[in-house]
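Got a structure here, written out as structure tokens. Questions coming.
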Amino acid sequence: MSSLITRVRLKQISQHIENGKRLDERGLHDYRPIKIEQGIIEKAEGSARIYMGKTEVLVGVKVETGEPFPDTPNEGVQTVNAELVPLASPDFEPGPPDENSIELARIVDRGLRESHAIDTGKLCVEAGKKVFVVFVDVYVLNHDGNLIDASALAALAALMNTKLPNYEYKNGELKIKQGFTQLPMKSHPITVTIVKINNQLVIDPQLEEEKVMDSRISIAVNEQGNICAVQKGGSSYFTPQQILEASKLAQAKAAELRKKFNW
Amino acid sequence: MNDKPIKLIDKKGIRLDGRKADELRPLKLQVGVLSNADGSAYIEHGKNKILAAAFGPREMHPKHLALADRMVLRCRYHMAPFSVQERKSPAPSRREVELSKVIREALEPALFLELYPRTGVDVFIEVLQADGGTRCASITAAALAIADAGVPMRDLVVACAAGKVDDKVVLDLHDEEDKLGAADVPVAYMPSLDAITLLQMDGILTPNEFQQAVEIAMSGCKKIYEMQKEALKTKYMVVKDIEEKEEEEVEE
Amino acid sequence: MSSLITRVRLKQISQHIENGKRLDERGLHDYRPIKIEQGIIEKAEGSARIYMGKTEVLVGVKVETGEPFPDTPNEGVQTVNAELVPLASPDFEPGPPDENSIELARIVDRGLRESHAIDTGKLCVEAGKKVFVVFVDVYVLNHDGNLIDASALAALAALMNTKLPNYEYKNGELKIKQGFTQLPMKSHPITVTIVKINNQLVIDPQLEEEKVMDSRISIAVNEQGNICAVQKGGSSYFTPQQILEASKLAQAKAAELRKKFNW
Amino acid sequence: MNDKPIKLIDKKGIRLDGRKADELRPLKLQVGVLSNADGSAYIEHGKNKILAAAFGPREMHPKHLALADRMVLRCRYHMAPFSVQERKSPAPSRREVELSKVIREALEPALFLELYPRTGVDVFIEVLQADGGTRCASITAAALAIADAGVPMRDLVVACAAGKVDDKVVLDLHDEEDKLGAADVPVAYMPSLDAITLLQMDGILTPNEFQQAVEIAMSGCKKIYEMQKEALKTKYMVVKDIEEKEEEEVEE
Amino acid sequence: MSSLITRVRLKQISQHIENGKRLDERGLHDYRPIKIEQGIIEKAEGSARIYMGKTEVLVGVKVETGEPFPDTPNEGVQTVNAELVPLASPDFEPGPPDENSIELARIVDRGLRESHAIDTGKLCVEAGKKVFVVFVDVYVLNHDGNLIDASALAALAALMNTKLPNYEYKNGELKIKQGFTQLPMKSHPITVTIVKINNQLVIDPQLEEEKVMDSRISIAVNEQGNICAVQKGGSSYFTPQQILEASKLAQAKAAELRKKFNW
Amino acid sequence: MNDKPIKLIDKKGIRLDGRKADELRPLKLQVGVLSNADGSAYIEHGKNKILAAAFGPREMHPKHLALADRMVLRCRYHMAPFSVQERKSPAPSRREVELSKVIREALEPALFLELYPRTGVDVFIEVLQADGGTRCASITAAALAIADAGVPMRDLVVACAAGKVDDKVVLDLHDEEDKLGAADVPVAYMPSLDAITLLQMDGILTPNEFQQAVEIAMSGCKKIYEMQKEALKTKYMVVKDIEEKEEEEVEE
């Protein structure tokens, strides 16, 4: 697959990191510049576009009514989908979601769900019959690494930007009224992904760094500094000591991002 | 295409969004917006927000689809789930399959397919927000993305719709006019070659109205064509600037 | 794909047409012999089989009850599907509809829909709840070119042959009664496809002619001579002048066919 | 298979459609009805209307499905959406997948598969109207289509069902008998070789009744076999006539 | 596909059988040892695992409520599915059911359905609205031939092991109560498959024998010795005489198995 | 993960099923249970009943998926329709696709992938009955199946979950604890290499609790590891016995 030149390049990257250096002069524990724009898709109830270095992800939120799950008749429904659309990378192909897009969607979903980010208890219209369904669609537009952190941040930003229509509910009929309210939220989880390259823990990997990484771990952290979702990936392992370090690193970086965005 | 009693054009000939009959919606075109694609472009046309990316010319994948005597152009027109009022399933609809085909056939006449046998160019179009006329805006952006990828072209392709609203033939329907108007005529055009590469119609028009619609759509195309060229120039002037700087740096 | 012999043959066809001649001695603007048989599938509510030269298409119409679309609660539903079944051509493969069969179905659908051929306003049983759904299934049995015109004509003939059961509707229950009425129709659109070969406009192309054509345009014309649907196809273009000529040609040929079938 | 109190056979032994117990429904067979297929046939059997086409022997596509030591026969039994009372989705149902398999296995014994290694024959069957016994009528037509394609055969394959209706074993069930009768036994048969190539059964039969049903079905097959041969002869006599004429023309 | 060694081996098997001998010293009309364990999946309403030589099939039965078919509003629904999961054989691949698993499911289904094994008339909760749906899932765990007989036996054993929850039905609400009753059954069909190898009729073929067989016939027999379903398979034929012999053989072996399991 | 007022641990620290906080559910491990697979294993872990089979190292199929510089491990985690309370469709769910991926990535670190370029190993896991912790039990069984297939391994992989129940960190959640508890932390581990190869978490834990959960899960893994080794030894002792007997027979 990879040409000789590519392999030489990847080896250099890996050796640099062993010596504590990044491709782009960043420190091992630095994020690339992050820019978030909210509300750019006017037709969606919520939206946000994130630029994390050259990685670019758009998240749109649609809110519709539907049936609740039988075991949670009083709660709204959260559903996350991710599309690795082919314009984002020569490696992405059109077609139904593959394991990478499904894993991405499920990591974003769990970060939000386990931290109770959306206050689903306030999204019930009629218990057991009609609730609001919040569709979070993650759309990767340019893939230059660390899609997990970028998608999770953009999803959170999109939800914070989401408006619910005011409505009246009488005799089983939902009538939309003028005006909006903010989507009710209980928590704002931030997911930090740490990758292991040549036995060094590194954050926010670019695509080329991901190609040489041994393994990754993504940790969602809430406002209280508690951990609310974890996912290890990649073909290698972590030592228990590295897991401990990664969890501390995730807390520190999550706090930093939280401060930066004032979330 | 229902004729409901909503007035879409007032007595002074002004449309719901303040435009005259032959006026385009606001447009914004940008070239080279995605770093991974070989070429890319972004268009805002009214409230349409569309990204197009081109990859190639490159080896076909899978290989057995390559043709011995010509390049293969593939096109995918796709709408984001959040681009429309009711969430759209991400699986391609029959409408998206058809539009992918007619958009490909609108772009092919601009390419020198026979000069690059055994290769392929892939064009991916993502509608991020839809507002009537997405196929036309997609073609306008896709042509820019192909040009940005450095694929030689006979001409840029540019597209715009005309239609009939309140008994009047007007340019560039917005969403509501599209839904309530009497006809919609999307046209893709290569201005320097005076060649129509896409033409569809929904609704009912007399032969004269049809002729008129095609003409007004072409006139809209010509205006957008100037913006296309400007967008390409702007990107390449910027690039040229950078290259000049880099050369200077090398010389230093 | 194509052997040398085939390519020589295709070149001859193309040169002939440049000189105003057809493979089978027809004029450039002549249809092949057309024969239509109606009512051949007794179990369908309507059916018609068309022979256009060697091209053969069967259209069956089934009428069932279903829900209306939310934005047209008082109207019946028209749905068109086309199958390019593999017995019709060595080029057709079994499998889900590809872009060619989807385009064919959508062109036939638009011709009928935009001209309001079916009077869907008369197909409502209970507003917002129950309407008649008219399934038009285009079944291509032998492909020798010009599937669009043949399918559109056969679809129209099948609809004109379609019978609705008499019924009684009480308390939400539909009861079929004896007898039938004709499917109510408001218009009878005829679609004419013009192809460009060596800069000549030609109608009703055979398969070999389609293989050398540059582009095609299909124009649906109603009783008033108005245009109600257009679709350009193929990898080449038309000049604005050619579009004008094609639209005139379509009107003339549609009128001719209308007269021939007395529609 | 419910036993409802509808009488399917009257006291004189006459069935609802006027037939006797061992009588076939009206049949019509035509060969060479489709110009693009290498071979084709059309059957009307009762109200069944079925087309079959054969392509090959030809190179397998995709190639990796070819076998080094034998020809591959592929079969697709498919029902048109309008062929049955309630519109059928065009996607193949589980029933259609099973029938495609048993029909293929009913036809394979007639072919010299080992004589044409690395090639394939495709048989496509389209049920345009269904009236009970479609699998049998399909086999009868498919065998003709294969013969018409010039594929050498050990014998024609012909098929017909028997069944039990009102406690009586009868030949060639029509739709209502199939639904209300007590058993249905479709049989495919190569008469010159006395070989049964398809045999299925639904319902409940004593061993004797089963034996009787197989025999009466074979007797039906033998009658249809004569019509098959006649249909082939008719086509080839017509073709021969044309060829003779053409030869005459050449000679002139 | 098959190596030379394999082909030599297969030829030997076929010659042995011509001489009335089996691979494993069995007679031509002997089953391999059969062991059936019932109730091994506690979470399923019924289950059974069969070992027939090295062939191993697990059948699980789930009972849920659903809608009846429109033409049998008073009857429960039986549905059979078969999965040839890839751990059972290097020849099985993951993916949607292929023709082999569909045929297997439909043969098992017909054997049960045509003999009226499940007393579906007793599975109606409210006519036309709510009935019990019996899902019979055939799961092949190791494929060493004769999947049809093994699956049909295991399906029957699983149904005989199936428990229905007691319930109360009031005002359209189904309330589960304590305790269980046995799934009501009217018949216990046994399916016997006979294969033809070198013109000999043989039962219970191992996988290697199936690879050399000419054709097979599966015959379901009920308590009265009547035949209730038949399916011929394979690329060759049977003579009418062989069909007669096979039907007698099936009755004898079915009776033998019925006695063995006391069904 | 709801916190409902059901007490999952009593005052004496005993859980609903009678276990202490750091106690495993009953386990049963068997190796070499399927004759067609190159390697196989069966696990009962609580009420989980899971089969795993390994095929390979063998040529990749389809071939184009082979890699020039390493072996490819493929994994399919699949639940039987009858394995759960409500019948599960046999088509793979998104959850099954994700678990197949993380299980593969949990097993890969144990293999010498670079030593067997161009080959593949396929691991198929079938959950016959599910009872909380299926992914962990699947990994434990899959590692045994791979070892049984004779694929060289750095270490066995063993997996077990910890979680938080009634404010207490406990080992090896059963189904009800999984559904009602506050957090679930599945861990896969290679004990001799002290390497964590799978780690997920659902729920909310303080950093300390998380640390504690990982540690208690590893301690559970170490206990199961001993059973894994025992299961392998048992099978191979049995096989050795048979081989010795066969050798004796040969000698006679």
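Labels A, B, C, D, E and F are assigned to the chains in the order they are written; within every chain, residues are numbered from 1.
Going forward, contacts are C-beta pairs under 8 Å (C-beta built on N, C-alpha and C of every residue); 3 or more make two chains touch, one makes a residue touch a chain.
All figures in this text were calculated on a predicted structure; none of them were measured in a lab.
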Graph separation of subunit A and subunit E (steps between touching chains): 2
Reference subunit B; chain at largest CA-centroid distance: E
Per Cα centroids, the chain farthest from subunit F: C
Interchain centroid distance [CA atoms averaged], subunit C/subunit F, Å: 58
Centre-to-centre distance between subunit E and subunit C (centres being mean Cα positions), rounded to whole Å: 48
Subunit D-subunit F separation of Cα centroids, rounded to whole Å: 52
Sites on subunit D at which at least two other chains make contact: none
Residues of subunit A whose C-beta touches two or more other chains: 97
Arrangement of touching chains [line / ring / star / complete / other]: ring
Ring path (origin subunit B; first step to subunit C): B, C, D, E, F, A
Subunit D - residues contacting subunit C, complex: 34-37, 40, 47, 49, 51-53, 55, 76, 78, 80-87, 90-91, 122, 124-126, 128-131
Subunit E to subunit D touching residues, read off their complex: 1, 97, 99, 102-103, 105-106, 110, 114-115, 215, 217, 222, 225-240, 243-244, 247-248, 251
Residue ranges of subunit C touching subunit D (in the complex, touch as defined): 40-44, 47, 54, 56, 58, 60-62, 64, 81, 83, 85-90, 94, 96-97, 135, 137, 139, 141-144
Residues on subunit B engaged by subunit C in the complex (per definition of touch): 1, 67, 94-95, 97-98, 100-102, 105, 108-109, 113, 185, 190, 193-207, 210-211, 214-215, 218
